[in-house]
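Before anything else, here is the set of structures, which you'll find just below.
Note that chain A is present in both complexes that follow, paired respectively with chain B and with chain C.
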Partner chain A sequence: MKILAFGKIAEIIGQEELQVDNFPNTEILKGYLYQQFPDLQKMKFSIAIDKKLTSGDVSIPMDVEIALLPPFSGG
Partner chain B sequence: MEKQRTPKNIFVSGAIAPEKIAQSIANHASKTDIGGHSIFLGQVRADVKEEGTVQAINYTAYEEMALQQAFEIREAIFAKYPLTCMHIYHSLGEVKVGEICLFVFTSSKHRKAAMGACEELVERIKKELPIWGKEIIDNENSAWKINT
Partner chain C sequence: MNRFERQHFLPGFGTTAQQKLQASSILIIGAGGLGCPAIQYLAAAGVGRIGIVDGDTVSISNLNRQILFGQDDIGKNKAITTQSALKKKYDDIAIEAYPNFISKENCLEIIKMYDIILDGSDNFPTRYLVNDACVLMKKPLVFGAIYQNEGQVAIFNTKDEQSVDYRDLYPTPPSALEVPNCNETGVLGVLPGIIGTLMASECIKFLTGYGETLADSILFYNLLSNKTYQVKLSKNPQAESYRPENVSAFQDIDYRDFCGLDQEAEWNEVINSLANNDQVVLIDIRAKSEFPKLEDLTHLKIEMDALEGSRQQLSKYQHIFLMCQTGKRSLKASIFLQRIFPDKYVQSVKGGLNEWVEKRESTKYNVPSTK
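Right after this comes the complex of A and B.
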């Protein structure tokens, strides 16, 4: 599945897009990300599935677009 | 018949020119049921940080999600306030200090709806749209903007 990274997260990961195997839920996805990119543990971010914000641990359907969103700072 | 609204692009590349704002005001001259406009303009501030003074902000966004969110906010504000018009523009890319990065424009028959809607829109835009500002200090230093 495709993961999009924005803002500071894209800097930590070193790219704006990642291709990874499917993860069943957002907790397992986070565990993977924390292991691959330990600096992510120090920051707050939200996860969007198909452009909808999630909260808590939610299951990840197949063929969705995941996005990692640091705290918004528009305006 | 009720006008069908669809998501509009809110993004402008670089700073929002004062001429664009003036033109936008002028475009409402023909809408003679309007009695009040409310305008908010966000301007990039030269904050002083440990590493130096901010020179510009570079904006990025999750554009598709931001446009969808902006559409939902628009619909909610139109449902809540008796507005004639609503316009939202936000910069992407680099905006230098002193330049305009956000333009929110609401119009209504009477002032209170326009003013209330404008304030609520600005708050919701800053809080709910997936947009990020990176404060550029100099070639080596930058910091991700934090909204307060």
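Right after this comes the complex of A and C.
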């Protein structure tokens, strides 16, 4: 599945797009991301699945598009 | 002919939508990078009454993006300057200026006087404060924010209980450690120009019912790739416990503290504390190569990376002030150092050396003679 990253998250991951294997739920996905990119543990971000915001731990269907959305504060 | 002729001609907009705009009121929070473009288009479009809240003054580094202001405005209040610029251009709308920062004390009173609120602020405490106040007062909130080359736009609170707000997206603010330090990172003026203009367009559409708005959605925009990404938002049960449910709960929240910003001190506090107290120290954490040097005040120079290694040297002080160029790096360093010395009082100097240089000449700081 595809992961899209925005803002500081894309900086930490080093790219705006990432292809990964399917993950069963958002918690396991986060665990994988934290392990691959430890700096993400300090970051607050929301997760969208196929352009819909999720909250809490939700299951991830096969081959969806995940977006990692950090808050911006600048003006 | 009148100044709204082109809007009257626009199919689907016309005189009906124009009348709605002229009967509407908007409050702009922050006449900065987002507020400047937004307010100019909203005033030009003929929104009947516009309020501007901003306690900040224009500084030279604002001029690349805050396009209402010019070199002659440096040092002047942004709300007042915006008001007089717009009054000169249009005498058929009301422009109200509040030359103060929005705060827990003033925001409910101000917000309740307007139909829709536009948040063009530049920090998390204000964003959460404004969001919570809009939820309490049931006011639609047009949200916009930027980070480097990217921006976000959304409208929250469009219809009572069922609509989403900022806390559904991010229930709690990031800690100061993870806050991207916007004033220190660069930005091209066109980015807040684009995002602020999108915010103005969302306001106009929402007020007139013209087209589709971003209600309950958030739009991400990337200046470098020209890509946009729109996400549908939904209620987040985890946000419930963080949202103040009434005015008294709202008044009890320390918006500055919960974003870690109580770590900051003003220069006059630093000067007062330093005077005649050898348990207080000021540390410049900038690299040796950074100019100008801090003069006039006794201080230590310990670069950010060397702070941990200087525990021994610092242990004799009770109150430690850290400073850098703008106050952002020193804020991060102060949180870090506070963890090393949990029983000491560690603060970052707000505005850093830039603020010192700007204000030193004025009578604001009565600098005591130093050893």
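Here, the second predicted complex is superposed on the first by the 71 of 75 C-alpha atoms of A that agree within 3 Å, B and C clash if a C-alpha of one lies under 4 Å from a C-alpha of the other, contacts with A are read in each partner's own complex, and residues count from 1 in each chain.
Here, a contact is a pair of C-beta atoms (placed from the backbone, for glycine too) under 8 Å apart; a residue touches a chain by one contact, two chains touch by 3 or more.
The model shown is predicted, which means the values in this text are computed figures rather than measured ones.
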Considering only touches as defined above, state whether A:Lys42 meets chain B (first), chain C (second), both or neither.
second
I'd like to know which partner A:Ser55 touches here: chain B for first, chain C for second, both or neither.
second
Could you tell me if A:Leu4 is touching chain B, chain C, both of them or neither one (first, second, both, neither)?
both
As a test of reading the superposition: which chain, chain B or chain C, is in touch with more residues of chain A?
C
Is A:Phe72 touching the first partner chain B, the second partner chain C, both, or neither of them?
both
Overlap of chain B and chain C contacts on chain A, residues 4, 6-8, 48, 51, 67, 69-75
Would you tell me which residues of chain B are touching chain A in their complex?
42, 59-62, 64-65, 68, 90, 101-102, 122, 125-134, 144-147
Can you list the chain A residues touching chain B in their complex?
4, 6-8, 48, 51, 67, 69-75
Residues on chain C engaged by chain A in the complex (per definition of touch):
30, 32-35, 120-124, 127, 144-148, 150-152, 168-170, 172-174, 177-180, 182, 185, 187, 192, 218, 220, 222, 225, 229-234, 236-239
Considering the complex alone, what residue numbers of chain A touch chain C?
4, 6-8, 16, 42-44, 46, 48, 51-53, 55-56, 67, 69-75
